[in-house]
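One chain, chain A, links the two complexes that follow: it is found with chain B in the first and with chain C in the second.
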Partner chain A sequence: MTRPAVTVERALWWGPGLVILVALLLGPLLFTDFYLSQVITKALWLGIAAASLIFLAAYVGMISLGQVGLYGIAGFTMANLVQADGGSPAAWNPWLATLGGIVVCVGVGLFFGAIASRSYGIYFLMITLAFGVITYYFFAQVTQLSGFGGVNNVDRPDIVSNPVTDPANLFYIALGVSAAVYLLVRYLVRTPFGLALQGIRDDPSRMRALGYNVPLLRMLAFGLGALIASFAGILSVWWNTRISPGSIDLTRTIDVLVIAVIGGLFRLEGAWIGALVFTVLDNWTRGIDLIGQRFNTVIGAIFLVIVLLSPGGLMGIWQSVTDSVGRLFSRKPPTPPPLRPETRPAGESPQTS
Partner chain B sequence: MRDGSDGGRLRLWALLAVLILALASVAAGCGGDDDDGEAAGEETTAETGGGGDTGEATGEPIKIGVFANNEGAFAPFEGQTWGGAMLPLINRGATPVSGDPTDGVENAVIAGHPIEFVYGGSDSTPDKAVEEARRLVEQEQVDILVGPLSGAEGIAVANYSKEQPGVTFVNGISGAQDTTLKVRSPNFFRFHNDGTQWTAGMGDYAYNELGWRRVVTIGDDYDFPYSQVAGFVAEFCAIGGEVVERLWPALGEEDYSSFIAQIPDDVDGFFLAVGGTGTVAFVNQYQELRGNLADNIMGGVFMTDPVILKEIGDQVVGVVTAGMTAGDSQEPAYLEYSEGLGEAYPDLEGTASSVFAYGYYTAMEAIAQALEQVDGDLSDDHAAFRDALTNLELDAPLGPIVLDENRQAIMDNFLQQIVEDQTGDGIPDVKTIKTIPEVDQTFGGFFSPETPSPDRTNPACEKADPPPWTQQGGGDG
Partner chain C sequence: MSEAAAAADLGWRRRFATLPPLTIAVRVLVCAVVAFVLAWVGYKAAGDPRIFITVGLNGLTLAGLYFVVASGFTLIFGLMRVVNMAHGSLYMLAGFFAFELQERLTGGEATSAFGTSEAGLGDWIIPLIVACAAVGLIGLVMQQVFLRWNQGQDLRQALITIAISIIIADQSLAHFGGIAESIAEPDIFPESVSLHVYGLSYPFFRIFVLLVAIAVGLALWAMIQRTRFGMVVRAGVDDRQMVSALGINIQLVFAVAFLIGAGLAGLGGVLGGTMISVDKANDTQYLLISLIVVIIGGMGSLAGAAIGALALGLVDAFGDVYLPAGYQNYSVLLTFALLVLVLAVRPLGLFGRPA
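After this line comes the complex of A and B, so read on.
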């Protein structure tokens, strides 16, 4: 009963995704050790950080600049709890420390979510930005926990292995966690809780009139975002073997925002697409003669181009491409484009075929 | 949501172009199936003269990565680092590619081997420094890496060097004590003194010459100023002085007013270890809030940097500092080095005494001499080359440099005073008032791998056996 246009469109939409997935599964065979570790794995955990931002932005309407601060809390907590150079002298089991990092991060996320839950729009943005900056200075100033030099040689679970000599393990772990986060979010947004969050995104006062506790739901959503961010934080520490305030400064906060916007601020897949484009560009431009020290200009210019021409980011472009091609394959005379899950053109009558 | 109407079609194609560009970059970066295949399409900077038409360059090319800071508080000094690094090659026949030192040189040859330079840059954070080091070592496959620049970066890169035994790491100018004293990496070499060694003689001068007894220290809140303050505190307190308070503004801070307000009125003086772009900001703000600065401060190594003197020179005339360079030296070797730098890069005229230029110069000169000693033989994980480096007695322009058994330099330290302009260029000059010979990393016995790392409170201000060069320790005060 599905129309050919829809079938083609679905194939176009998911096809490249599957190709990329297969390529990633064969990662260690296709890429050099360095590229796998420094570019692909980095893109995976940065993608998770961006996903926490996109989850909040796309499904709850909360654009938060505090996700980097949150993943920093998870990372620093874990780094301090295990054996390392710098930070506290505790030497826990790495898995327990990981759990500790996640718990602390979610706790702080819920606490901060409670404070910020009644702020909207630009005010929410600023308060989360302030939170991120405070976190940076906290770890820069409290030398018992970090200091400027950070925590080095962080102990990791045996299964993770040395990211310099043996990057395949961490790569697969990051891949697995990315997939889990993606599936988790996709599942969650179809639950009553997820639908309530989307209701809050669309119209908080109407939700309040219906009897939902809007601040509580926003707080919980923020806590969920913190959970996702904590995974990114833990992975980043294993990837770097260290963490320092420089890992969570304003530059990194902006990096994650740039990634989310490049990928598509309202599409979850955009997190990883944006992260991949960003890390590949960052790595590639540094090695080019003509660009040399000006790599930031190149990245910024590309960001600007994408923002100006396609507010939906790369996923927005992909959406347009699949739509256009889908229309080409449609056997019907010119009809309104097939309805997509998230949109319904105003005034259109429902499904006409 | 918009549908793909005509207006959007142009945008669509424009963005497809961007997408294809991005995908092409992925394809270019992928490289081969082998673990050690180099990334195809990667370009290196400043390659040797193409075509190999120099008759002498017959050996295998040697790749040397050089990186300093191209972002952050120390970015303005990048030209000096590269100028210093390229000078040994220019003295051996290479030609600068342009007036910008970071563009590198052509026709660089050492011991018959053509030298390829690869450019890198970080931003004074350890994360970025290690990322760049990894890119240069693992992706660009350099044989030797020169860098990094900043204190915290040095510790992180020295730790990383332990993972790459096949590459030789020579420090750029990062000056934290821990980088060699604690990390002790077997393939990491530092051909200049650390931040602590650079303060040798200052505590003695403050106590005995200036008559200071109560002092406040102010330094950026990271490893390198910790090392500088540590040296000053160790010496000053050992001979009987008291450090009343230690203030630590964040690196890159622009508003020092709250810290200036915290300086008590009843201290004799203060030791300033604020660096990078902060030195200028601090001095200017102090002038506004408290007045004449020169009477009661002693400065860390950044005070005498030519770039800094150009900005604030008049305000700091009279200040005493110390470091490993003596800008007023008239030794022929130093004049040759200084003039050579100015000739090769006119923009760097007058900056030869900058530690940034000197540190990278000594690093590259040491590498060149060691390579010449072993005829460029880097086989067997650089065994012969590292042996040559370890035993090298470098006849540097400002005095000999040797390494201790932990591959850390031992060299002279110069106590200097900033004086009125004497060369006629309108910028105050420095005058060397004392030379402390052969300062080693233990600072006369104070520091060892077991002593706590310098930080906000370590070392404690305690009376102890004074270092040998102080008056109390038997030196010729």
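After this line comes the complex of A and C, so read on.
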């Protein structure tokens, strides 16, 4: 049975997507400089960080809480290689330092992946969380690289210009990188490598029986996640012009997880949607006196409600909306919902010894 | 499994020879690293035995504290497969509760101008009991209200406890502030005890923490191995559905285990708040410690938690002192190395079993 090229469901996915994309492309005309920089651009790089988490969760079945630690490694490496205050600035060319940050981050990511790749499910989550928190303590303690004050006044490539007075450049860079990450992941999951990863997500032992080197593939996938996270780390340094251990602490790790869950852990688009909701809320609760400006209490409560009511996040809610609207129009029997990893009963999470 | 049984029939030498070369290389490397570390510690110990004894005791007492906290974490995980990400938050809350209550009881004069304690035994015991009970109840409410209905969805449960930990962290910052506080120990405790070697003396309260940890370990062991409740817990770890099919109220067992597990975080919080201090960073710190202890020891294993706490406590204490001068702020890398060494050889931890 072939499906028509244009269905109501598809229109409901692509329509709003295109509207958002066009609105973003015209961003500098629509928003004030402050809003563009502090909300939209921030949402774009936070979205990339969340995308690295969602890529691993949705296509490889690895929920990693180490992504913020990894993006911190990229950011700190870059900040230490260029001219800056604090740390041990080596005064490299900013572009070379950016490349260095990405390379170091991917290397560390592959090493983390090699250790954690034989663990599954909640064990994997705990091990990567431990890696992330250790990275935070490392940079907080080692004054040669950062110390508690972090690295300030980091030199950036000229093209970034000043993110406060002239935010459009960095906005378009973040938008371009976001689009590149999105297209890269969408392309990769259709390649044999991506299909093998999805096979591992669904049944690691069967994939091993078919002759795939499961730990190696998981390690490579984690390295890829580190690559995506490193883009977020570099952009965060360009945006902040500084990086400190406070930018990669447990609160920030949880923030990125919250973004991924609000957006929807099993759809890549959700990363940027969740990030946008997060930064808009952040900006809004700072502006008004809401129960003593306890932003984290508000975000925690929203997070709790979303986890309890709709584990699919906003994308999950939109999915059910499009499904029911689509059904109204087509009178087709409803298709069974796709099996998501989280709906698996406990005790069946695959384990290897 | 039959493969494993066949391998068990071979001698260890033959079995070792059947391993892939990479695995052998990793194990040889791990052994070499462990041997080097032991040799380094031995060399430093021979150089100054007084420091070795004091630092060793620091490590042991720290391990005691870590064990008390992590045993609660591992008890909850072992039985319910719930990774309680709010465990560190419960630890921190108990410390703040006990501190506040002690302040009220002593009228803010628990510590004299000379830094010595003026808190009576009751001024320490009552906050301890109240804080443990309060935190245990918070844990119980958390389990009954949020976790019970999501039994078996381990990721969702972890996310729920993360959400709760965000709220606890924010609210405790609002109520207790961000300043590190210290709970005064009971004034009837001696300040320090003599060790009768090299004329050394050592803080009594730290020894007391170690004794409490041993008592907690023995009590948990006795409860799990010798009582009917423990029998149900052990059966529940292996097969929850079968246990409830046998007519046992597994939900009641879960509730009690959560109460005890959260209460142990509370006990750790009060002990740690007296031995070291309590501040707003404790939630992250003790969540990491609990995670590392149970990852090293193996999830759900009490013996594993003891070994893991011992390893982490000793590495923390010796790492701060025995690293070469100028590199001592890299000590967190040792914690990471410990984690890597164990996971390289045993992905499920030292005492871990496949779920």
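Following the convention adopted for this analysis, the second predicted complex is superposed on the first by the 321 of 353 C-alpha atoms of A that agree within 3 Å, B and C clash if a C-alpha of one lies under 4 Å from a C-alpha of the other, contacts with A are read in each partner's own complex, and residues count from 1 in each chain.
In the analysis below, a residue touches a chain if its C-beta (ideal position, glycine included) is under 8 Å from a C-beta of that chain, and two chains touch if they have at least 3 such contacts.
Quantities reported herein were computed from a predicted structural model and do not represent experimental measurements.
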| item | value |
| --- | --- |
| Fit-or-clash call for chain B and chain C when the two complexes are aligned on chain A | clash |
| Contacts of A:V277 with chain B and chain C, given as first, second, both or neither | first |
| First (chain B), second (chain C), both or neither touched by A:I254 | second |
| Partner chain in contact with A:F329 - chain B first, chain C second, else both or neither | neither |
| Touching partner for A:V142 - first (chain B), second (chain C), both, neither | second |
| Partner chain in contact with A:V133 - chain B first, chain C second, else both or neither | second |
| First (chain B), second (chain C), both or neither touched by A:I122 | second |
| Touching partner for A:L30 - first (chain B), second (chain C), both, neither | first |
| Chain B versus chain C as contact partner of A:W13, first or second or both or neither | neither |
| Touching partner for A:I299 - first (chain B), second (chain C), both, neither | second |
| Residues on chain A lying within both footprints (that of chain B and that of chain C) | 137, 141, 143, 249, 251, 292, 296, 342, 345 |
| Touching residues (chain side chain B, partner chain A) in the complex | 1, 3-4, 8, 11-12, 14-16, 18-19, 22, 25-26, 28-37, 39, 42-45, 70-71, 78, 102-103, 119-121, 123-128, 130-132, 134-135, 138-140, 151-152, 155-156, 159-160, 163-164, 176, 221-223, 250-251, 455-456 |
| Complex contacts: residues of chain A adjacent to chain B | 29-35, 38-39, 85, 137, 140-141, 143, 147-150, 152-153, 162, 164-165, 240, 242-247, 249, 251, 276-277, 280-281, 283-284, 286-289, 292-293, 296, 302, 305-306, 309-310, 314, 317, 319-321, 323-324, 327, 337, 340, 342-343, 345 |
| Interfacial residue positions of chain C with respect to chain A in the complex | 81, 83, 146, 151-156, 158-160, 162-167, 169-171, 174, 240, 283-284, 287-288, 291-292, 294-295, 299, 329-333, 335-336, 339-340, 343-344, 347-348, 354-355 |
| Touching residues on chain A, where the partner in the complex is chain C | 63, 115-116, 118-119, 121-123, 125-127, 129-131, 133-134, 136-138, 141-144, 249-251, 254, 257-258, 261, 292, 294-297, 299-301, 303-304, 307-308, 311, 341-342, 345-347, 349, 351-353 |
